[in-house]
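In what follows, chain A forms one complex with chain B and a second complex with chain C.
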Partner chain A sequence: MNHKLEKYCSLFLYRYLPLTLLLLFIMVPFYWTLNTSLKLEGDITKMPIEYWPAPATFDNFIMSWNNVGFSLFFRNSMFIALSTVLIVLVLSILAGYAISRFSFKGKNAFMLLLLCTQFVPGAMLLIPLFMQFKAMQLTGTHLGLIITYSAFQLPFNAILMSGFIRGIPEALEEAAEVDGCNRLQAIFHVILPILIPGLVATSVFTFIGAWNEFLFALMFITKKSLFTLPVGLSYMQGEFDINYGALAAGSVIALVPVVILFSYVQKYLVQGLGAGAVKG
Partner chain B sequence: MMHMRQYTGAILAIVLILALALTGCGSNKTESQGGSNSGNSGNHSDNSPGKPVTITFWDENSGPQRTPHYEELIKRFEAAHPNIKVEYVGLPASSAKQKYDVAIASDDMPDIGGINQFWISDFVAKGVLLDLEDYYSSWSEKDKIAASAIDGSRSSAPDGKLYQIPNTSNYSTLWYRADWFEDAGIGVPQTFDEFFATADALTDSAKDRYGFTIRGGSGSSKQLTEILYAYSGITDYFDQDGKATVNDPAHVEFLNQYVQLYGTNTPTSDVTNGYKEMVAVFDTGIAAMLQHNLGSYGEHTKAFGANAAEFKASPLPKSQQGYRVITGGDNVGLAIFKSSKHKDAAWKFLTFLASEESQNYWNQNIGQMPTHIDSLNSDWVKSSQHILALSEAIADPATKVLIPPIYLPDYSSIQLNVLEPGFQSVLLGKVSPQDFLDEWAQAMEAALAEYQNSFE
Partner chain C sequence: MNALNNKKWWPYLFIAPSVILLVGFLFYPIANVFILSLQDYNPTKPYANGFTGFDNFTQIFTGDKIFYSTLVISLKWVLSEVVLQLLLGLILALLLNQTFRFRGLARAAAFLPWAISGVITATMWSIMFNEHFGVINDLLKRIGFISQNMAWTANPSTAFGSIVTAELWRGIPFFAITLLAAMQNIPGELYESCKVDGGGRWRSFFSITLPFLKDTIILTTLLRAVWEFNNVDLIFTMTGGGPANMTMTLPMYIANQAIKSNNYGYGSALTVIGVILLTIFAALYLKFSGFGKEE
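Entry: the complex of A and B
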C-alpha cells in the first residue's frame, strides 16, 4: 500500500505537477488573449484585473472582422498559405524523391546547399528580392509573396520529404513498374498513399510558415485590401493608440486555423519531424 | 524514352502549379498595380493641368484610430481638386521607418509621405527628399505655420534646409490625476522640488498607489532627455567646444534624485516599461503622474471613459533657472520625395493638409497640437485642456527650447542601443548616474565628431 502511495506521489510530483505547471505557463497567454478579446473596451485595462469577461461581448470580433478588415486579411492569408502549400508540396515530393532515390553527381553538395539556404536570414534578402520583384512587377501582389514563401520553404521540406521517401521500400515501386506503371505513375499511385504522414507534416509546416510570415508581407504589400493577417494585426497598433480588444480578437482569429491544424495532425507532425530528423 | 517521360511529367506538374498560382493571383495583380509602383507609374505631367494624376501618400502612423480621418481629408481634397487622385497607404508605426528604408533602397518611394522629424537627417543624407524652400517661400500661408515648427524642421536637416512641413506638434507633458491632487489638496508641481514632494505625497503603498511612473524600457532615453534639460535649464546639447552637456553636474544631481523615486514612489515593474505598459500604469490608477507627450491623450480618454475629468495635462515643471525648457524635435510633418513625377500635385496636397481647416480637423481628432497659428487660436484648442496647457507654456516668452541633435546619423542608434539598457542599469543600481551620463556624453561627442569629420 505504502509502495503504491509512494508511486502515486512520485508520479504526481515528478510528472503531473511539472506538466500542469508547464501547461499553465503555455496556456495563460492564450487564455489572456481570449479573455481580452471578449471584454468591453473599458474593462480591458480596468483595475483590479478581471480574470473573466463580465459581461462578455463579441463586439471586438465583429469589429475586427467587419470594420477593420480581418475577413479580407483572413482570405488573403488563406489564399497565400494554401497556394504556397500546393507548390511546396509538389516540388518537395519531386525534389525529395530525387534526393532519396537517385544518385547523381554533386548530390551531397546539393544537399549541403539546401541546408545552407536555411542559414541565410530572410531580412538580408529583402532589398535584392524587392528590386527583382519590382522589375518583374510582382511587388504589391500576392504572387510575389507566394513565390517568396515557396522558395523559402522548399529546401527544408525537400529534405524532410526525402527522409519520408527513403523510408518507403523501393520494391513497392518496382512492383508497380512491373505492373505497367511508369515512374511518375508509381509515385502517384504507390508512394503518395504511403507518404500521407509526410505530406501532412510538410503541408502543416509550410502552411504555418506562410501564415505567420510578417516581414515580406509588410514590405511587398502596400494596399490594405491585400494585407495578410500578421500585417493586419500590426496595422492595429498605432504609435500611441492600441485597440487592445480588436487586436486580441484579430489574434484569436489568426490562431484558429493553426490550432485546428495542430489538433488534427499532431500525430503526423511528430512522426514527420522524427522522420526528417533521423533520415534527412 | 522512359527518362524522357519522367522529365516531361515533372515539368508538366511544375508548369501546372505555376499556372494555377498565376491564375489565382491575376485579380490581385490587377488590383494592386497602383500600389507601391504607382508613385512612379504615371507619365502624366503636372504641366498639363487638365490631366488627372494619381499621387501616392504614405501615412507613417496608420491605424483604425487615425486612418479614417486621413481618408476623410483625402475625400475633401479630391473634391476640391478633381484632377488629383490620392492613393493612401497606411504603414504601421512600428515598421514605418523600415518600410521607408526598403523603399529608398529599391527606389520605390511614394510621392508624398508623413515623416517624423527624427528621420529628416537620415533621409536628407540619402538624398531622397525634395528641398521645399522654393515651394515654401512662394506659399501664401507660409507665415501662418509656427516659426518654431518650421525652424525645428530646418534644424533637423544637415544642410539646414526645409524638407518637411510640420502639421502636428508634440511636446513632453506631465499627465496627472486631477482627482487625487484635489483630494490631497496639492497643486500641480511648478518646480522640480514640488514634483519630487508631490510624487512622495501621493504614494500610498497600502492602496498600491504610486506618485509617479518612470519609463525604464523601450523609448526611455527620449523622455529622460526631456526631463533632464527641463530640470537644468540648459538649452544647448553641445557647448561651443563640442562637449556634450548631458553630463552637466545639474543633470547628475537630478538623476541621482530621480532614480531614488524608482521602487519607492514608482512601481518596480517600471524598469521594463515601454509606452504601452507605462500608459497602462497611469490609466489603471496605479500612478498619480506620468511623463509622456500629447500623443497618449487618446489612450487616457479611452481608459478613463466617462471619468475623463479625472486626468489633466501640464507642462513639465520649471527649471532651476526659473524658466521652462521644452524639447523640440518631436514634430510630425509631410515631405515630398525627389523621385515623384507629380511634385506640384504633391505640394498642393501638402498645403491642403497643412491648412488651417485640415489641421483643425486632424489635430482635434487625434488630440495633438496644430502648427497653424490660426488653428492654435481656434475655439477647440481653447477648450482642450491638454493642448491649451502646452500651447500656453510654449507661447510664454520665458520658455526656452532645446533641440536635440537629431541631425546626427547615430543619434537614434545611441538612444536605442546605449542609453536604454544603460538607464535600466542605473535604475537597478548597477551603474551610477554619473557614469551613465558620462558614457552618454562620450557617445554623443563621438557621434558629433564623426559627423563633422564627414564634411571635411
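Entry: the complex of A and C
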C-alpha cells in the first residue's frame, strides 16, 4: 500500500506536475488571445478582468477582416508564402538530389555554402538587400519578398530534402532506367511519389517561415494594400488608439493556417530537425 | 541534348539555380555591405552621400555609447535565452519522452510555439503584459506578488525580463524537439542495465542521458545562440528597443538605423561588426559539427 502511494507521489512530482506547469505556460497565451478576440470592446478593458468571454462575439473578427484590411493582408501573405513554397520545393529537390546521388567536384563547397547560409542573419541583410532590390526596381513588390524568402528558406530545406532522398534505395531508379526511363523521368515517376511525405514536410516548414517573416516585409513594402499579416499586426500597434479586440482577432487570423498546418506535420519535426538542422 | 546526356554535367545543372539564388541574394549583399559601410548613405539626404573611409567605424568605436550598450544587452539576451530555453526544453523533452496517455496531444501542444512568428508572439504577450487590463498584472495581484499594476514593457527595470519571457515561450520547443529526437536514439538497454546496477532516476539521467546528449546540446546551443542573437521581430514589436535603449540589441540597433533613421551607411558599418562577430560563432559550429570529416 505504502509502495503504491510512493509510486503515485513520484509520478505526480516527476511527471504530471512539471508537465502541467510547462503546458500551462505554453497554452495560456493562445487562450488569452482567443479570449480577448471574442470579447466585446468594452469587456476587454473592464475591471475586474473576465477570464471567460461572456457574451462572446465575432465583431472583432468582422472588424479586422473587413475594416482593418486583414482579408487583404491574408491574401498577400498567402500568395507570397505559396510562391516561396513552389520555388523552394523545386530548387531543394534538385539540390537535394545532386547532394545525395552524385559525387562531384565542388560538392563539399556547395555543402559549406548551404551550411553557412543558415547563419546569415536577416537583420544584417536588411540594408544591402534593400539597396540591391532598389536597383533592380523590386522594392515595393511581392516578388522581392518571394526571392528573399526563397533564398533564406532554401538551405535548410535542401539539406532536409537530401536526407529524405538518401533514404530512398537507388536500385529503384536503376530499375526504372533499365525499363527505359531517362534520369529525369526516373526522378519524376519513381522518386517523387515516394518523396511525398518529405515534400509535404518541406512545404509546410517553408510556408511557415515565409508566412511569419516580418522585417523584410516591413522594409520593402510601404503600400498598405500590399502589407503581409505580420506587418499589418505591427502597423495596428503603431496606431495611437489601439483596438485590442481587432488586434487579438488579427492575431488569431494569422495563427489559424500555421496551427492547422503545424498540427499536421509536427510528427515529422522530431526526425526532420534532428536530422536536418543539427547533424547537417 | 548532348550536354544533358553527359552525366558529368548533371549535378552542376541541378545545383545551379540554388547557387545563383544563394550567391546573388545572400552572399553578394553581405559582400556589398562592406563597401556600403565606408560611405555616408542616407536616401533622405542625397547631398551628403559619398565615401568617407572609416569614419563610420571611428564614430562607432569612439562616440557611440549606444553601440557598447547593445553589445552588453545582446550578450545578456543571448545568454538568458539560450540557458533558460535549454533548461526548460530539456525538462520538457524528458517529460515527453515517457509513455503516457495523450502523449501525442501533449507533444503537439508543446511544440506549437515553434511555428508562431515573433510578431504574433509579441502581440499576444503585449496584450497579456498590458498595464491597465493585462492578465499578468491581475494574476500577480491575486497571488499577492505585486500590489499595483506594472507597465511591464515600458518600465526600464522590467522591459528586458518581459521580452525574455515572451521569447522563452517561443524558444522552448526548439530544444524540446531536437533533444527529444536525440533521446530517441539512446539504446534502451543502457537504462535497463543501469537499473539492474541499482541506479535511480537521477543516476541514469546523469550517467546515460546527459553524456549521450552532450553533442546535440553543444550544437543546438550554438545554433540557437546565433538565431537568438539575430532575433529582431519580437523585440521590434514588443519594445522597439526601448525604454531608454534597455532592450536595444545590436541587430535591433541595425534595424532601427535602417528602418527608422535611414542611416544606411552607418547601419552597414554596424552590420559589418555583426557579421564578424557571427563568423566566430559559425566557425565554432562548423568545428563542433565535424564538417568535412566524414566526406
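Simple rule for what comes next: the second predicted complex is superposed on the first by the 251 of 280 C-alpha atoms of A that agree within 3 Å, B and C clash if a C-alpha of one lies under 4 Å from a C-alpha of the other, contacts with A are read in each partner's own complex, and residues count from 1 in each chain.
FYI, a contact is a pair of C-beta atoms (placed from the backbone, for glycine too) under 8 Å apart; a residue touches a chain by one contact, two chains touch by 3 or more.
All figures in this text were calculated on a predicted structure; none of them were measured in a lab.
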{"item": "Fit or clash - chain C, chain B, common chain A", "value": "clash"}
{"item": "Touching partner for A:194 - first (chain B), second (chain C), both, neither", "value": "neither"}
{"item": "A:107 touches, of chain B and chain C: first, second, both or neither?", "value": "second"}
{"item": "Which superposed partner A:241 touches (first chain B, second chain C, both, neither)", "value": "first"}
{"item": "Chain B versus chain C as contact partner of A:94, first or second or both or neither", "value": "both"}
{"item": "Partner chain in contact with A:142 - chain B first, chain C second, else both or neither", "value": "first"}
{"item": "Which of chain B and chain C A:218 touches, first, second, both or neither", "value": "both"}
{"item": "First, second, both or neither for A:127, with chain B first and chain C second", "value": "both"}
{"item": "Between chain B and chain C, more extensive residue contact with chain A", "value": "C"}
{"item": "Touched partner set for A:226, first chain B, second chain C, both or neither", "value": "first"}
{"item": "Which superposed partner A:86 touches (first chain B, second chain C, both, neither)", "value": "first"}
{"item": "Clash-bearing segment of chain C, relative to chain B, as chosen among 112-120, 148-156, 184-192 or 274-282", "value": "148-156"}
{"item": "Overlapping contact positions on chain A, where the chain C interface meets the chain B interface", "value": "45-47, 90-91, 94, 126-127, 130-131, 183, 218-219, 234, 237"}
{"item": "Chain A-facing residues of chain B, complex", "value": "2, 5-6, 9-10, 13-14, 17-18, 20-22, 24-25, 28-29, 31-37, 61-66, 89-90, 92-95, 98-99, 102, 105-106, 108, 275-276, 280, 283-286, 295-296, 298-299, 302-303, 305"}
{"item": "Partner chain A, residues of chain C touching it in the complex", "value": "8, 10-12, 14-15, 17-19, 21-30, 32-33, 36, 88, 91-92, 95, 98, 100, 104, 106-121, 123-128, 130, 132-133, 135, 138, 169, 172-174, 177-178, 180-182, 184, 201, 216, 219-220, 223, 226, 229-230, 232-233, 236-237, 251-252, 254-255, 257-259, 264, 267-268, 271, 274-275, 278, 281-282, 285-286, 289, 291-292, 295"}
{"item": "Contacting residues of chain A [partner chain B, same complex]", "value": "41-42, 45-47, 67-68, 79, 83, 86-87, 90-91, 94, 126-127, 130-131, 134, 137, 139-143, 146, 182-184, 218-226, 231, 234-243, 246"}
{"item": "Residues of chain A touching chain C in the complex", "value": "14-15, 18-19, 22-23, 25-30, 32-33, 36, 44-49, 51, 90-92, 94-95, 97-99, 102, 104, 106-108, 110-132, 147-148, 150-152, 154-155, 158, 183, 208, 211-215, 218-219, 230, 233-234, 237, 244, 247-248, 250-251, 254-255, 258-259, 261-263, 266-267, 269-271, 273-275, 277-280"}
